[in-house]
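In this document, chain identifiers A, B, C and D correspond to the written order of the chains, with residue numbering beginning at 1 in each.
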């Protein structure tokens, strides 16, 4: 039985691509996303065509019991979850305080912070029993500093970073590797950045920033680093790292 | 009409003491806490006996509309809110992941993060119109790093720090001073630390760590710094600072 | 005998103004700068005219024994040094690696890092014996992150911040208060910013950024915060704080 | 002609082991250390026996022109330097301020900070011309916070981290990848940790902390991560990461 790599937030960007990488490397990848059944099926097919093994689930993580039931189901039907790629974001673009409703603010927390807490509550006891496991959390610059217009996003991401640290403090010594991976730049992902910008603008960005300067983080390249982190020997774990294009300024510079 | 200093979380520690300091210095302090009407009345009486001006409200901040209605009421009945002391904590002691229920985790966020968002949503538009205002947020070490057993607290505080930064980014240039005050040590407060430890243990701590070494942060002393920050000229604002006893190690050392 | 406030780097900006504030508040201020005897004498005269007490020394801090002899001389002739304002910078403007000579890089370290180490080596044993003392270090954004062109400045400032922390770790519990004060913005100082920009450009900046928006940090206002930090009760010390104009973006935003 | 991997500080711990990894993976490794010609020769022999290619140099980096001449010599005689492993430390154990001489403090800076500046000044123009290059800097927890007794070490490391950031800010967009790798734990290295502790104590530590818990960072394992970072695609660079044993607490916890 292959070990399972569970991906929450498996779109055409980081999530799906990292899932594919793990599937190509001996894991059974369980890909979950909120919508687009067709895209999901294609992703799974894609992996299987390449000789890998994967399943797909549509999942609305903010619904009660969604994550909990999923974890139980996978463990019962597919196999032990060895790696989780927690790839849920909560970016809603820049919005002034006035434009940020209570509902939005709460939703950001439910998706980016509370969902990780629920995932950890479901999966850590199992991993602890097995003495090993890996939880890789895709994070954003908003985890490090709150910019204008980022009230919801920054609060959710900042809380999540601290949660990663407290999870690591409790479960690291029990063999569970929690890593907070800060993606400090735009990702070449049609279904997140692409949607946010609109087709035309995204195409332009890809042509200028992307192709000429490798200025967009490439999901296939990032997948190499996710996989590396998941394979680190337990004497040598990375808990926090950042990733950005060489042509981008790190968040701390300006 | 005196300017109003609104204190959320006005117990016998930092909140009440800072409220008293502002009342002694020309503000009308509005003191809010969740329970203990008697203690609250005494605090108000205390301030009035010293020639100051204050009001008291019992308030459960997690209830919908509680903060919103309070702000509206104060502005209508008492005067313009010039300073807010946001002194709500979410410390529930060290608890393993297993011992941290979903409800607790959510409550931490509701009290420490979402309540600040709601407060800001209510009060910032008013302050913005007046071109000035101050929001001082009492924070804890958990805003800087997530320790073992601090899942709920760290997630709430970490989110809150980022929220302070995004609020400052939007409202600083509009004259609203948001300061994140990290209390990196135990406070000599009978109704928070005292309750958490129990009477006997708290008395002991006070006698050893407190009296001999000034190892407990003294609320009356801390009030001086809160007041100073609130009076800083707008060319010279502090957005983040830490406070600890001289005999305590900062969080970054060990 | 008045307690002494020693200011290293006492020009017309932060250093001199903070020195004046302490002199107006019961200290004897010893003002040191590298050059401009006339300006220094005027500063001292100024303080004395206002009823304060001060002395002035020209001092090249990078010269061996300069700081050491000064401390000995003050302690012998004037009085016990209770407060040090360490206000030496090492900003040399933006320079590419190629334009940053070994000599410049070393000079930056000698002025901003090594000079603090020498000062601390001279004064901490005396303060430790007396069980009290305060060292306030004026710092810059380069202590927090290294920007392009800041090789020398960032290396010197980053080292200095860590030195402040290690000094505090050793001497805090012995009653010596070390505070790292991050000035995250342009200061309205004719003899540093003014010189760097040139008279005409500085005048312009003052008229636009300064007067209209209070966008330049005002030394007289900053002096209030320096003085407050130096007076904090030892149960309530601040070790790190930042200062910027309300109309400036903090370094972490962009 | 193989690309060159230059290792400064190539002992039996991280430096030598990373050099071996690169030599095993197609690079010619140039191993430099201050003393122990015999150990160095053995390291080179070792690599060659395994089919790799390497050279060894004894080098006192604090001597003027030592690094500069070395870089010139390698480029002339061996090949283009593509990767630098800057593995020079400045740990001298815990020393009080009184026990830290001016000479020690300066030496720390010369080895850990200034040597990197000199290395960068020598090698970056060459890398810039070639449009690529990698500089991996082994760092220590003292780069993040200054502990008691770490005056020299923390000042040197803190300065170095900021220097890495300013180097990256200038040279990242020119294709030079600068990564600051924080080793936040004890490394299983006989000639650094071993020497500091003494043979007996080191043996004990290895047996308890090391073997039972993988509590000592293993150089062969760490070499995997160094190599991975050096191979990252330029759309996906990591500039800062930390490494520690799963059984160790991160520096931010306590």
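In this text, contacts are C-beta pairs under 8 Å (C-beta built on N, C-alpha and C of every residue); 3 or more make two chains touch, one makes a residue touch a chain.
Computed from a prediction, not measured in an experiment: that's the story for all the values here.
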Subject >> Interface sides of chain C and chain D: same vs different residues, half threshold >> reply: same
Original post:
In terms of CA centroid distance, which chain is the most far removed from chain C?
Top reply: A
**OP:** Return the distance between the CA-based centres of chain B and chain D, expressed in whole Å.
**Re:** 45
Original post:
If you average the Cα atoms of chain A and of chain B to get two centres, how far apart are those centres in Å?
Top reply: 34
**OP:** Give the residues of chain B that touch two or more other chains, as numbers and ranges in rising order.
**Re:** 145-148, 165, 168-169, 252-253
Original post:
Once bound in the complex, which stretches of chain B touch chain D?
Top reply: 144-148, 251-254
Original post:
What residues of chain D sit close enough to touch chain A in their complex?
Top reply: 165, 168-169, 172-173, 175, 177, 188, 214-218, 221-222, 224-225, 228, 231-247, 249-250, 252-253
**OP:** Show which residues of chain B lie in contact with chain A when the two form their complex.
**Re:** 96-98, 100, 102, 105-106, 109, 113-114, 117-118, 120-121, 124-125, 142-143, 145-151, 154-171
